[in-house]
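These notes concern the structure reproduced below.
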Amino acid sequence: MSSAASLVQKPWVRWASLAVLVVLLLVIPLLFDATTNATLARIGVFAVAVLGLNVVMGYTGQVSLGQIFFLGLGAYVTAYGVSQDWNIVLVFILACLIPAVAGLLIALAAARLGGLAIAMVTIALPIVGVPLAKRLSEFTGGSQGVSAQFSDAPDWSGLADDQWQLYLVILIGGITFLLTRNLVHGKYGRAFAIVKGNEAVASSMGISPYRYKVLAFTVASLIGGVSGFLYMVVIQYTSPETMSFAHSIQLLASMVIGGAGSILGSVLGGAYYVLVPQLTNIIDPNLTALLQGAILLLVLFVLPGGLVSLPRLWRRRRGKGSGTSPSPLPAPTSEDTVSIALGSRGSTPPPPTPPTESEERQDT
Amino acid sequence: MTRIRRGMRAASVVAGIGIVAVLAAGCRGGGDTPSESGSSAPSPGITDTSVALGITTPLSGATAGPGTCTVAGITAYFGAKNADGGIEFGDGKTRTVEINALDDGYDPQKAKANFDQLKDKVFAMTSGLGTPTNRAYREAAIADEVPQVLIQTGDPIFSNQQESPWQLGFVPIYQNEGEAFGKLLASSSENHTVAILAQNDDYGEGYVEGFKKGIEGASNITIAKELTYEATDTTVDAQLTELASTKADVFFNAMSITPLVISALQKAQEINWLPSWFLPSNTSSPGAILEPGGASAFPGVYTVAFAQSASAPTFADSEEGKTFLADLKEYADYPDVPAFPHCVWSYQIGAVLDQVFQKMTEPTRDNFMEALRSIKDYVAPLMLEGSSVDTTVDGQPAVSSVIVQKYNGKGYATADTWE
Amino acid sequence: MTLLELKDVTAYYGPVQVLEGVSLSVPDGGAVGILGANGAGKTTTLRAISGTVRAGGSIVFDGTDIRGMRPDQVAALGIAHVPEGRGTLGDLTVRENLRVGAYLRKDRKQIASDIDYCLDLFPNLQNRIRSNASALSGGEQQMLAVARAFMAKPRLLLLDEASLGLAPSTAKNVYEAIGRLRRESGIAMLVVEQNANLAFTLVDTATVLETGRSVLSGTTAELKGMDEIRRAYLGG
Amino acid sequence: MGTFIQLVFDGLSTGSIYAALALAIVLVNQATGLINFAQGGMAVLSAYIAWQFTQWGLPLILAILAAVVVSFAFGALVERWLMRRFERGDPDTAVVVTIGLLTLITGFCAWLWSYNNRLFPSLFPLETVDIFGAAVSVRSIGTIAVLIAIMLLLQLLFIGTKLGLALRAVAINPQSAAFSGLPVGRLLMVGWGLAAVLGALAGVLVAPSLTLTPGMMDGALVYALAAVILGGLSSPIGVVVAAWLIGILENLAAVYVPFIGHDLKIAVPFILIFVVLIVRPQGLFGRKVVVRV
């Protein structure tokens, strides 16, 4: 059992798996039909959106219910740019910058407030964004929405439109994921984690919570802009309904279901956002809300840490089975003692679920 | 190279597996590449014994009420026809009609996803509710040459054959309804001041645009104040108060949310502002709206309609009304009287498609579109006398002629003049 | 008459065993200390008694076996646990903290006079009565924790490191007040304390724990006499 | 001048809808430290239960009482079998659990009672009364009156009674509360049960004007959250006053502030929050929380 663990440490294994991933990403669009490619592309779009939300929420611990607003803003900027026939690269840059500037301005004012107040300010974004989009109809096409045809496959590529679009999503999304991974695993990521842990401790270490919260918000809204651009690449139409508040709540749920504060969790979150409605449609279109609620609660019951904690949970279950698990002496976490406090008399309390890193609570 | 740390190793391996697993779940719908629809080869979604129709409409969320109806009506109509053996097509074959409905929760990207799912399995898309959702897959439907017809939105783009060759609207475009009432008001002998409250989207804008066209040049009509409200608002009391201060004697109301219309009727009485009302066709049902709102307190309540209202007292006694409610209950599992007109409209869409199928000579989408655009002066079931289906006019949906009705305390009667 | 009897008590945190076998007894109205190095299992022993950790062996209080009972059920029997870290209810005012302590009692008038008694016992709390408990100093929070435990009119008080984090003078005041409380109310006490000198001012006998096992016990006088105790705990 | 007063009264009655829901959210927050997104959904479920009782022939008052009892039990069971597992975990996960519960309840109501609009009888007649020149319906006066009663009861519960104190103690530190003999498990259930009762009253008060649909309270949820933050998480009176303030200022801004208008008036509560919280981070009436590191 221990040989498998060391195998994975060897450098050539890391390179091989990276190569496999790159090859997979290059080949996939050619393997499947248009419908599946479209589904994969949409998963890519919302994986990037969830990644942005993770930067500000999963990694930095600030509650944001406004991520869908930046996706919508990115989409509108793209649609307007295309309708004015600007160069596509310029359109992409604007689709990233304008939401980032909006995020920066909002964060500069909001980051001073406490946790719940920030949540409220971000809630305002989609809720005020929808009527605002209707009002600025000369830019946004108002309630009819606006479509933008710019992502059809060029002739030299010899690809079908859906394949070309999926490649665009994989290319741009992949780069965004790589840059974000390096950001959160590097110096900034550590600062975010400390700000999330305890702001007072962070400031005592010379890390200004305010500055890093603003940075996290700005990066999140920039990534939101990227997902807006990719949304237009894939859907080629947007309307005020795109940034409705209900979608912002579903993005939050997808982030937690995928696994908060994890790069892979963002991919799984994007997949959850797109595939669950399709799954419930297969089971029974009239029971959408009932099924989606049940699925959400079921996953959280089995995997409180989200889908990304599946391998860890599976390894631990296998580890516990063989009895040689060298698990270190766990500090008496609040779950143990409280579950005893709450449990009924005499019944041995459920085996204390070891806290995943996002559940660690200092035991004051 | 130090960047590729332990994290990257786990991420890349699991991501690879993750993507493959995701594919397995995602691609179960992969059919064959769309066959070239040659002149005789049958289009997808139709066989010698059956034809499949696709619907993407909101079955969850705020617009689930009318959304559920857009499926229930057509399912009821064809449920009854299938029970009698099916429909005899122009090409001599008798086919049963199967409805594949998917929920898009009024979200454009889900509507496009549902269309991608259905386009190779159904013969045509129909009856879906909502402008943004229908627009989301309009271009794709044109590119894939999939009919998107008799859809429940008043957006004029779907009835413009040049812009949307594979599309056709069913309900009158919002402008038609507004214009019909405007013309009637203009024909009145006295002067009138009008207060306007419209929903802040294409629905409300369309009505107001049509109304202004209807009263163009009429010197006796002046608009006192024009306000909007949001579909997600919980109340319109403030707007009512502001409009009441204008003391206008006519209230042009373009609202599609049933509870808000009821509270508006009640509020106007509270602040004793008793103008004549105009209500759009989909929020003027006597039973669901006018009675709870106490509408008999107003001098006149006008609406525009082409179909009977399911909750009108006379409806349940009429022959057609009884069969409709019975079919709804038996085949569409919709046990009670619908509060939304979309059930009746969806039933009528079924009837119109029935006529089209009878005219089709080949099981192809091209032939279907030709037959679709050749229906003239057809009085569908539950239609008000004087209005009919006419799909031959470019720029007009299947139903364009509308009749102004006046509420008489129990139901509606046609109103030819403004007395 | 023994009030509390522990026989070979074991305790686990997850799969790891922390107590291998602790036996001790507290006579009615008596005061017993628990000494031992860090990690010897002192705090865990108190947790085993108050039901906040899974325990084996037998724990009998006034004739009833309380092993496996929920903390609030143990408290209802008359055992008040002043936990390590004091467990102050930060968002409540001092008065509200005291009223929570008296949750199980019905005698309204007596509760009011007990609150006055607490304020007399711990004068520092007098002028902080209206402020939030989170704004109190470490010493004041410790006093409030003891006062809250007293408000439940317990028969046995479990005190866990009452001097932790306090200036020597404050710790002395707290222990003097607890000594006065013991003399005036006759409540039995089981005191875990690093500072043995302080503990000896309060308790009659003490038990020494090493690696989760009770190794020896005796009166304060006997223990003071033993060299290794003096060297290990009294800085002799 | 009449319009101004009318707008103020309109604002009061709309604000009362937000306030009723906000009170339930405050109660759950005080008892368990969580923000319950499903509070609106639970209120709708209670209203449907009351409606079903009236369909079975029960008079309205009895139907409401029956629904209140069922809601209390439902709230307690939701805490015991669903929320208990997440209360001590990561707060983001707990919020998403309540979102899942909201979706599930909305779906359940749609499955059992369909998305068709249901007319709900009102406790108060529709006539209007003239106050300072503004016509105010007896129904909105009734709603405001019931609301004030609930608010005072809740304020009394938290400040005066042993139960309110115990609920707050459990939310702050359940283990320390247990040391004082507080039955932590049962108190958490009571906290959620009472909140469900509050939600039921809110639902029953509001259903006559909004007509009963599975998503009836979704619109009010955002306003209720705004009121909770504006008023301060620890003060029932503060939350109700904040909700009224939002209702009134929203109407006045829509009519009198040119740029805002009726489509952007929803921005008013958020501008309010921004201004107030910059000055008083703990909200209008909340108690200042001093945290010693």
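By written order: A, B, C and D. Residues from 1 in each chain.
One rule holds for everything that comes next: a contact is a pair of C-beta atoms (placed from the backbone, for glycine too) under 8 Å apart; a residue touches a chain by one contact, two chains touch by 3 or more.
What you see is a predicted model; the values in this text were computed from it and never measured.
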Leftover contact groups, counting everything except chain B: one piece
Count of contact steps on the shortest path from chain A to chain B: 1
Chain at maximum distance from chain A, centres defined as averaged CA atoms: C
C-D or A-D, whichever has more C-beta pairs in contact: A-D
Inter-centroid spacing, chain D versus chain C (mean Cα positions, whole Å): 42
Interchain centroid distance [CA atoms averaged], chain A/chain C, Å: 48
Distance between chain centroids, defined by C-alpha means - chain A, chain D (Å): 31
Intercentroid distance (Cα basis), chain C paired with chain B, Å: 73
Residue list for chain C, restricted to those that touch at least two other chains: 52, 70-72
Junction residues of chain B, two or more chains touched: 60-61, 68, 200, 230, 232
Residues of chain A engaged with two or more neighbouring chains: 131, 134, 286, 288-289, 337, 341-344
Touching residues (chain side chain A, partner chain D) in the complex: 57, 63, 109-110, 112-114, 116-117, 120-121, 123-124, 127-128, 131-132, 134-135, 200-201, 245, 249, 252-253, 256-257, 260, 286-294, 296-297, 300-301, 304, 334-335, 337-338, 341-344, 355, 358-359, 361
In the complex with chain C, residue positions of chain D that touch it: 162, 165-166, 168-169, 172-173, 175-184, 234, 287, 289-292
Contact set on chain D toward chain A in their complex: 35, 37, 82, 84-86, 88-90, 92-93, 95-97, 99-108, 110-111, 174-175, 178, 184-185, 188, 214, 222, 225-226, 229, 233, 263-264, 266-267, 270, 273-274, 277-278, 281, 291, 293
Interfacial residue positions of chain B with respect to chain D in the complex: 60-62, 64-65, 67-68, 200, 227-230, 232-235, 237-239, 241-242, 244-245, 258-259, 262-263, 266, 269-272, 288, 292, 294, 334, 336, 338-340
In the complex with chain D, residue positions of chain C that touch it: 50, 52, 70-72, 75-76, 80-83, 87-92, 96, 99-101, 103-104, 132, 134-135, 148-149, 151-152
